[in-house]
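Heads up, there are several structures right after this.
Next come two complexes built around chain A: one with chain B, the other with chain C.
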Partner chain A sequence: MIRLPQRETRTLLAVHGWSAVLLGLLLYAVIVTGVASVFTDEIADWSSPLPSQADTAWPQGIGSAIQHAAQTVDPQFHEDMIAFRQAGGRMQAFFHKHDTDPAGKPIERGVVTVIDPQSRQIIERREGTDEEIGEMNLPNALAHFIVDLHVRLHLPNPWGLLLTGILGLAMMLAAVTGFVIHRHLFKELFTLRRHKDRMLSTRDAHVIAGTWNLPFAFILAFTGSFFSFASSFGIPAMAMAAFGGDRDKVIEVLIGNPAANDPTPAPPPALDRALDDARQRAGSDPWYILSEHWGRADALQTVVMLPASGTLRNRTFLYDAAGRFMQEKPLLGSVPSSGAAVYSLMGPLHFGNFAGVLSKAAWFALGFAGAYVTFTGLLLWTTRREDQPAWRYLGRSVTGLGYGLPLALIMAAYGYFPVVRLGGDVHVMMMTAFLAGLLGALLLANLLRQLADSRRILLSLTALALIGLPWLRWIGTGVSWIDAAHGGLNAVFAIDLGLSIAGLLCLRAVRRPSPAMKRLPSAQASPAT
Partner chain B sequence: MSLSLLLLVVLGAVPSLVLLLMLGSRDPKRLRNLPRNARESVTPWPPARRRLIGALAALPGLLMMLNGEWAAFLIWLGLCLCGGWLWVHRLAPPAIGATMSRD
Partner chain C sequence: MTQTAAPPPPNRARAWSRGVLMGPVSFIAAALVMVGSALWLPKGPAGIDNLVWPIVLFPLLWTAMFLYSCLDVRLGRAWLVALGLALSHGALIANSMMSTPA
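Presenting the complex of A and B:
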């Protein structure tokens, strides 16, 4: 053991504790944005609705509409096509060829055609690389902003993914070690001593939320780490170790056999026939369709179906150019395996999207519990060190970020809707509004004398922002509630109502002081001390 | 989501949540920590009964698993965990007279 003078030991302990809290704050950010991301499809539908909502983005005959769209696209981009549902039920078909950027990185370059599933008309068209096309996607921009924050904290690849992967591992480690060392807490599963010491009450509330949420904390952390590490680290490492660095070979082995090579020209693939057959086999709607070698004799169509009611897994079917069924393919490899079965569970277990709104609501509530556990844990940790000035500043930042992050996420929506109405760079506006909200909250928490005041002000601002957002959405999209009723836009109604209720709950919370907050040092000391 | 799945989840979650509420209301540690005036009216259940009620609360989930109803099982589990968390807050005594001493 290294012997250190008391002063150095104290400094190292402070650094150790600070780094843990900063990691905890990042984890809190990932969890909060993950909670919002559960409803990413609904957020996209709400933020950018079409005049009326189709029953499905995959109505009968949508394949023909995609074939018509193909005729408007330069044949050089007919190498592959992928079609999937976007905001408001729009059908997006991306005709593209595989290319490399100046740095030699593989990219896709082509044309996106966005089709209204009801009129079957092309309503939008974008051209460029896959990245450029993603940046031009205004209807989905708000939902993508939230998901990107959750997946990689808006950091460049692979660093963002690596960081969120590490945070997921830390959360999993906390869940496992917590289960092992705090088993006695299960005896306190129903104990909340609200009438006793306020710190004890906050500690109980933290422990109870953590204990009830433990199974899901583990599931979400494990699957989240898997998704973060798989593409940023897992596949490159596997390519290096087992395939001599040949990433294409790894993908070929993982995804299955590549399409045969027969460049003989042929009619466009029979998408509708393949989609109809896949619907009958799976008993559900398609998730996406990938058509390789468009307009060639060796065209291969991969139709991935959403889970049927009562099931968890997607199903994947392969079809030839004429839309004839070839085989059902596992998600990994070309023959069924236990690895493929486990892999196919990762998505539904992480996203909670296997049974519509009901499963999403359960995942949302459990994610909220996870955010609550993280935030109250950080508050308790910093409160107990209130006598040390360094911890006092960190305690203020915990309050600022804890209450400021939800506010900043709502502010991002305040940056989005004016662009929808007036034009401008949506990404710059959303990021500016988000950072303004976050930095403003941090500044407020560090300037005000009493943290209880910071909490009250931030919660009040969040309440106002939440209650005002449906009105801004109305102005931005031009879709009133009467229009929404006529068009069957359920997501617009549900989210507008949810935001208003959440705003009222925040106002209610403003009137209830936080027990832990009353103990925080800033309640007695000025920032200068 | 189909109606049959919704029905299955409701049929499984409602009895489990009721049993969890009963379990919580007779939990010995919770009752020990109640204010004195509230403690006299309710007696804790013995361990054997608590284990039985706990097992009965878990039974719907077990049946769902045995029948391969994994989607229903996961939603049932999520609802039970959220519901249990909610029950604890509903069963907790009000914060009247709480002190401010250091933990």
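Presenting the complex of A and C:
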């Protein structure tokens, strides 16, 4: 128990409540989409499977396939190449040169070749700037839609990142003040009263979930606001203050690769030799390979490996043009440093991807608890102030968004699969379906007299949408469960099953009324009677 | 019948002053400290510690400044601390920008 004078406690309580409510609805959206984003790789594999799943996107000889792809690309784009895994295990190699847009902003322009890791054949080809190429990426479009919503609420940069950064700060403030104002912190970890007043039970459930979740909420808020602010504000500001506005120079100092300038033509870099060596050293699969100065004597290959089993950090190896090992370097800088060490922890702590599906499942569950805490917190707050019209309207929006957002996310998938099958603008379709779901839910919550009815209808629609989605996925991708069994498509089975179970759980929840809503006037007998 | 002393009437100007200090001033001060500290923190063996640590710690820095601004009973002192940090680091940044060729 933390003892504070009454005045300070009152002030912190006010800060805790207002920071949570003012930004609570947006924060809820960021948390819910963050929960889904934990499984972004699996969602991508599920939404765009190849006929069969390779054991790895980096099989022996994939480097030769990338070299072969390079021959089909205009040499002007052979400046740099970055290759990484995409949906369904596809290998994407982006050959590009560095350029600037009309506004002077640095961009990358080039050609993406997508390679099937099993057949080693090029199965897709896209040309344009890095942004245009990202927009043309149909296989990963659904996963990107969810991640973009989480990272920047689909607002243009840097405003979206700044907003989510501020939301992260608000969440951190709520976590810190929550820790201080819970006077009986340890007692509240285990207190769930079976009370006749179900509001008290809901309040207890909110406090238990929130209290257990405090350290995790703090970590997520801290790392999340770091990621939002670092690229949108931190690095540009550093560049302005310490490097005369030269953003590339900051990146160069942070990356810390050895300087080289020998434009003598040379054979393409020996990717396979570098990848084989990196696999042996790290005992894991590559995350990505960056090949700078392709076809020059000073070519430099950076291979970043995924964390090996039981470890938290990626490992980074440098190779020369012939694929000879040069050095292991930290993720940042050329030699180990405390800055690189702390930076390398931020990713695993935020994404929960350090121990495969197990850690992802833990992050998913903890994130879900965070969403529950936010939602019940908003419900409790607005319910207590139900006699004030402004709070009553906010209460309706809380119900509409709380139950409508998961439905809207599922609706985005309903916009995606028809495009996969029939063609069309996937981004327009997904956004239209998403907004239709969200605005429909908000409208419903504001039109229906009883909020309990809104909840029941929205949960029922969510259940139907969840149960129907595996069938739509089947029609859209053409991959049946028999095909999935033959092709070893585990993500297809797992997510189809997960969606069906979630749908059944929603149906079950429809039959159990929300305790918090029992207290709302709109949930009681009609005022007209 | 005992009479309890009525609480002093809330001072609106003071409440506004604290609100401004907690919100925009704390944020700007924390941002200036983040950027400015890159100019005096040790660079470390890789030459990056002065860049990475302030960016990583920015959320914590802001939280600390916000809570301090909110809790310090002496509002004038809270303003003094926030402005002192902001101005000293702002001066460092200005000096660096003027001495670095664009």
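Operating definition for what follows: the second predicted complex is superposed on the first by the 495 of 529 C-alpha atoms of A that agree within 3 Å, B and C clash if a C-alpha of one lies under 4 Å from a C-alpha of the other, contacts with A are read in each partner's own complex, and residues count from 1 in each chain.
Everything below uses one rule, namely that contacts are C-beta pairs under 8 Å (C-beta built on N, C-alpha and C of every residue); 3 or more make two chains touch, one makes a residue touch a chain.
As the structure is a computational prediction, the values presented were derived from the model and not from experiment.
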Superposition on chain A - do chain B and chain C clash or fit: fit
First (chain B), second (chain C), both or neither touched by A:Ala297: neither
Which of chain B and chain C A:Gly168 touches, first, second, both or neither: second
Angle at chain A between chain B and chain C, C-alpha centres, nearest 10 degrees: 80
Which of chain B and chain C A:Gly356 touches, first, second, both or neither: first
Which superposed partner A:Val342 touches (first chain B, second chain C, both, neither): second
Partner chain in contact with A:Leu312 - chain B first, chain C second, else both or neither: first
Overlay on shared chain A, then closest C-alpha pair between chain B and chain C (Å): 21
Of all residues in chain A, those that touch chain C in their complex: 7-8, 11-12, 15, 168-169, 172-173, 176-177, 221-222, 225-226, 229-230, 233-235, 237-238, 240-245, 250, 253-254, 256, 330, 332-340, 342-343, 346
List of chain A residues in touch with chain B within their complex: 187-201, 203, 208-209, 212-213, 215-216, 307, 309-312, 349, 352, 354-359, 362-363, 365-366, 369, 384, 515, 518-519
Touching residues (chain side chain B, partner chain A) in the complex: 1-2, 4-6, 8-9, 23-24, 27, 29-30, 33, 35, 69-72, 74-75, 77-79, 81-82, 84-85, 87-89, 91-103
Touching residues on chain C, where the partner in the complex is chain A: 31, 34-36, 38-39, 44-56, 58-60, 62-63, 66-67, 70-71, 73, 93, 96-97, 100-102
